[in-house]
Amino acid sequence: MEVHVKQNQTAREEQQENRARMLISCPDGPGIVATVSRFLFEHGANIVQSDQYTMNPAGGMFFMRVEFDLPELSKNLPALERDFQAVGDQFKMEWTINQVSRKKRLAIFVSKEDHCLVELLWHWQAGDLDADIAMVISNHNDMRSYVESFGIPFHHIPVTADTKKEAEQKQLEVIGSDIDLIVLARYMQIISPLFIEHFRNRIINIHHSFLPAFVGGKPYAQAYNRGVKIIGATAHYVTEELDGGPIIEQDVQRVSHSDNVNELKRIGRTIERVVLARAVEWHTEDRVLVHQNKTVVFN
Amino acid sequence: MEVHVKQNQTAREEQQENRARMLISCPDGPGIVATVSRFLFEHGANIVQSDQYTMNPAGGMFFMRVEFDLPELSKNLPALERDFQAVGDQFKMEWTINQVSRKKRLAIFVSKEDHCLVELLWHWQAGDLDADIAMVISNHNDMRSYVESFGIPFHHIPVTADTKKEAEQKQLEVIGSDIDLIVLARYMQIISPLFIEHFRNRIINIHHSFLPAFVGGKPYAQAYNRGVKIIGATAHYVTEELDGGPIIEQDVQRVSHSDNVNELKRIGRTIERVVLARAVEWHTEDRVLVHQNKTVVFN
Amino acid sequence: MEVHVKQNQTAREEQQENRARMLISCPDGPGIVATVSRFLFEHGANIVQSDQYTMNPAGGMFFMRVEFDLPELSKNLPALERDFQAVGDQFKMEWTINQVSRKKRLAIFVSKEDHCLVELLWHWQAGDLDADIAMVISNHNDMRSYVESFGIPFHHIPVTADTKKEAEQKQLEVIGSDIDLIVLARYMQIISPLFIEHFRNRIINIHHSFLPAFVGGKPYAQAYNRGVKIIGATAHYVTEELDGGPIIEQDVQRVSHSDNVNELKRIGRTIERVVLARAVEWHTEDRVLVHQNKTVVFN
Amino acid sequence: MEVHVKQNQTAREEQQENRARMLISCPDGPGIVATVSRFLFEHGANIVQSDQYTMNPAGGMFFMRVEFDLPELSKNLPALERDFQAVGDQFKMEWTINQVSRKKRLAIFVSKEDHCLVELLWHWQAGDLDADIAMVISNHNDMRSYVESFGIPFHHIPVTADTKKEAEQKQLEVIGSDIDLIVLARYMQIISPLFIEHFRNRIINIHHSFLPAFVGGKPYAQAYNRGVKIIGATAHYVTEELDGGPIIEQDVQRVSHSDNVNELKRIGRTIERVVLARAVEWHTEDRVLVHQNKTVVFN
């Protein structure tokens, strides 16, 4: 297993050493694709994959994701970024360029339900999640030994109604300054606006319903009481509105009248972990752009 | 095509001549299955299919559907029903027995969108919908010639805010006393409580969203604005609460950020017609029992 | 209904008057996207949608689909095509540019099963299938009146083992020279290599199984006998190898032990018509490129 | 986590202490359901769930699964079984009655791919797989520490072309006489007919394709080469015919031209583990009956 993972990673790493991903959002207008692709060509970059989407041909927003190879990327990227500034300004772009070899660093938050954490660790261990899991933070101590057996630091930060503010402060300290993404893997605490502000569009939550149905607590009980024939799960970025942030991914499973709440939970667990894993992978691969309360997902 | 349909129907009709379906709802208790199956056996009936479901083994509700063959059914059913009265009373059952050969009579309500009507007529013509389509009622006259080309009576009953009450009165007159099921095949008018009372649990509506998400008008626009990644449709019995009645069937389809409202509508049309057709078929085959605001579907 | 269709079509037609779609296949190499997008920009075209795919970054094939608007397209397209010749030659491209307003002309072949034909006509009538249905050809006369009620010419060309060659000759005569796509909508005759040669990658067949499982006749009986838990349908381009051509689209539906062959057929019909309709729509919208025995579908 | 599992188990165990499951296969005939349910009622048993299926009303096979509660089950079951012998003989039944509290004992075979094993252990640990995992047998030693961390015995039995016979002999010794089910969780060795004979309809394999497509080795490479748009996995009982045994469960996932073989494998892993877990759960809950080369699954 050890060997298997390493082989996958080595192959991937060689391929990715000189690869970068560019994400662009801007008002639509003529010539953007032409300008960007010509710019990259003239700077010696080879476009491997390019996706774009225009929300509305007349006066809407334009979104683009370009994956490209550039010889000696680490050495040459700063110059390319400096030169691209002019292009970005011309089209009023928000843009970023990420080196693929610079893996994103994740902090996973978890409470007592372990299935989403187990899934993410399994994807990570199998070499399918191209990120570093920098730490796991939990308001319970139950999963310490499991997490630490992977060599991942585990921080137990209890949260009560009274200590919520201090707990978040402690979380921020532990997280420090080099975490790219926070994953709420069935973390059963509401995140404060202050905390969200630190990680705008960088906190992914898994909600155990097919949003916008069954916002809030006990969604499986709500689903059972409504008598739905299909249940689902939703991965979304966390905003100040409870379960109201931009949706990244959803999936569903058929159920029947004979499934009680416990069975809905059991079926739902598999949906939740698959949906969360997809959303996290897409984010780490720079496939998700956020515009207002919606996502553009290039996958 | 003519020939094909007739063959299907003939084979089915022979098989079904002596077949009946019994539906039972009652408080759960020991010995129900044993009593019912023994009763049928002793009356010369052969059980072809039997399904049951107990909502909760201790003190819940019990639901049962039995399909059985009885020699000379038409002649012998009245005596069997009379004798079953004692069993029904013993267990406080609500029960019905339907002859399969006595097809249910449907009235389809439609406005301007034709896809659900087209679907039902296609299933009916293909011999897959085992019911009689007795009439189509519409608040517009657009589909008259299409409907009449199938030999089905078409009634144009306009509805405005002012004439709603009279229109419903006229609908009831046209429907008369021998319609078993009303199907709202994208009929864009709200049904009054008075009308609903006439057809309790016998009006099926197709709502063009994955309920309970996006209740009310313009659900595809709502779905687009919320940025969902999956859309759906829901067939449900109509109650006094708008889009709140017992759900019979739902289905969904994956969409992406690049699908605008018109594309959601287009994708949705195929979900709507499939979901509505399934719900209508299940109802006509006595597969749906209603308890409070939920359905038990034996399929 | 009449009005509804026309409104859709008018809106679409205005939008599409100056729109074109370019399809490119060529060996991969640096600078293709940059060169094409720069070319279009310099010729006054605005890229509305661009998709590309490289089969293998090192030495594989490159595929591209560009949707663009060009003012006064009809007048300006010939010059643009003439100028693009140099780009095409430089990268050894196979390329085509289609005016969106120039709808593709379809000939639909059908035998006795009508569901796929009904579906295509419904999509077409609803304004969702952006093509002209120029004619329906059948080896049976059953559907003449149905087809003619849409104002579509119907040609009855009987086929027997002995007359097959003559029948195909007659089909080719009826088809003439301005048909873009032949759709085998459950046409139960094998097409000869000679006929296929006339319409290479322009004959779409619907096979009623999840290929490559259950090639050949009676796939639902084969599926029943194997006891599969999911059945499917496959739309593919017709090649000389029976049911072996490039797959455009597939879909599936869950079944159970209790579904007999007739029920598999019934369930399958809905899969077949949905899958075929999607494949035909994608082809008519220039979304499908064929390479060897596989398709690239930009959707 | 520890606590959570135990609570689930305790609640389940109390409920199941007096619960049994009866499985019946026999030629169809009148009165079977009536006789069985009357028998159970007269012996003081309360039917909790009853499912049956007749392959063909006239002269086919009949299958039944009854879940029932009997006071003091352990004490009273032997007498009930003795008395039922007469019923079984009357209808030429194959029948078994299993105490739910007597959990099935599993031996899991695995090679180098760990995802199916991880899944089964996660379901087991979460209290969702109602069975005992008695041992893991592998032809490699890689997963020893992982398996042993759950307190499950791990047996490393290497297999080469030359030592196959001895290896199977050793496996049989290790397995002993009290294993109910063998699960091949991506065990990449072909099982000999001799071994199969010991565990007829008690070896479940997961094949990484949508059978009967892509029998044998490298199914994902086969799927890629054929250009399918959907991939799948199949759980089946192992018979002497390679990948040809009775199918228990299948599921699928949509893919596209842009997914290479490695990506198909990655997507497939999630299908495989879900499908295998379902099949194993259904088998352990006595939901699967085998008739010839097909399964009847009551779920």
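Letters A, B, C and D mark the chains in the order given here, with residues in each chain numbered from 1 onward.
The rule we apply is simple: a residue touches a chain if its C-beta (ideal position, glycine included) is under 8 Å from a C-beta of that chain, and two chains touch if they have at least 3 such contacts.
Quantities reported herein were computed from a predicted structural model and do not represent experimental measurements.
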Chain separated most widely from subunit A, comparing mean CA positions: B
Pair of chains joined by more contacts [C-beta pairs], B-D or A-D: B-D
Rounded Å distance, subunit A centre to subunit B centre (Cα mean): 42
Separation of subunit B from subunit D, taking each centre as the mean of its C-alpha atoms, in whole Å: 37
Where subunit B touches two or more other chains at once, by residue number: 53
Subunit B partner contacts - residues on subunit C that touch it in the complex: 1-4, 112, 114-115, 118, 122, 126, 128, 142-143, 146, 149, 266, 269-270, 274
Touching residues on subunit A, where the partner in the complex is subunit B: 53, 56, 210-214, 226-230, 232, 246-252, 256-258, 260, 293-297
Sites on subunit A touched by subunit C in the complex: 30-31, 33-35, 37-38, 40-42, 46-54, 57, 69
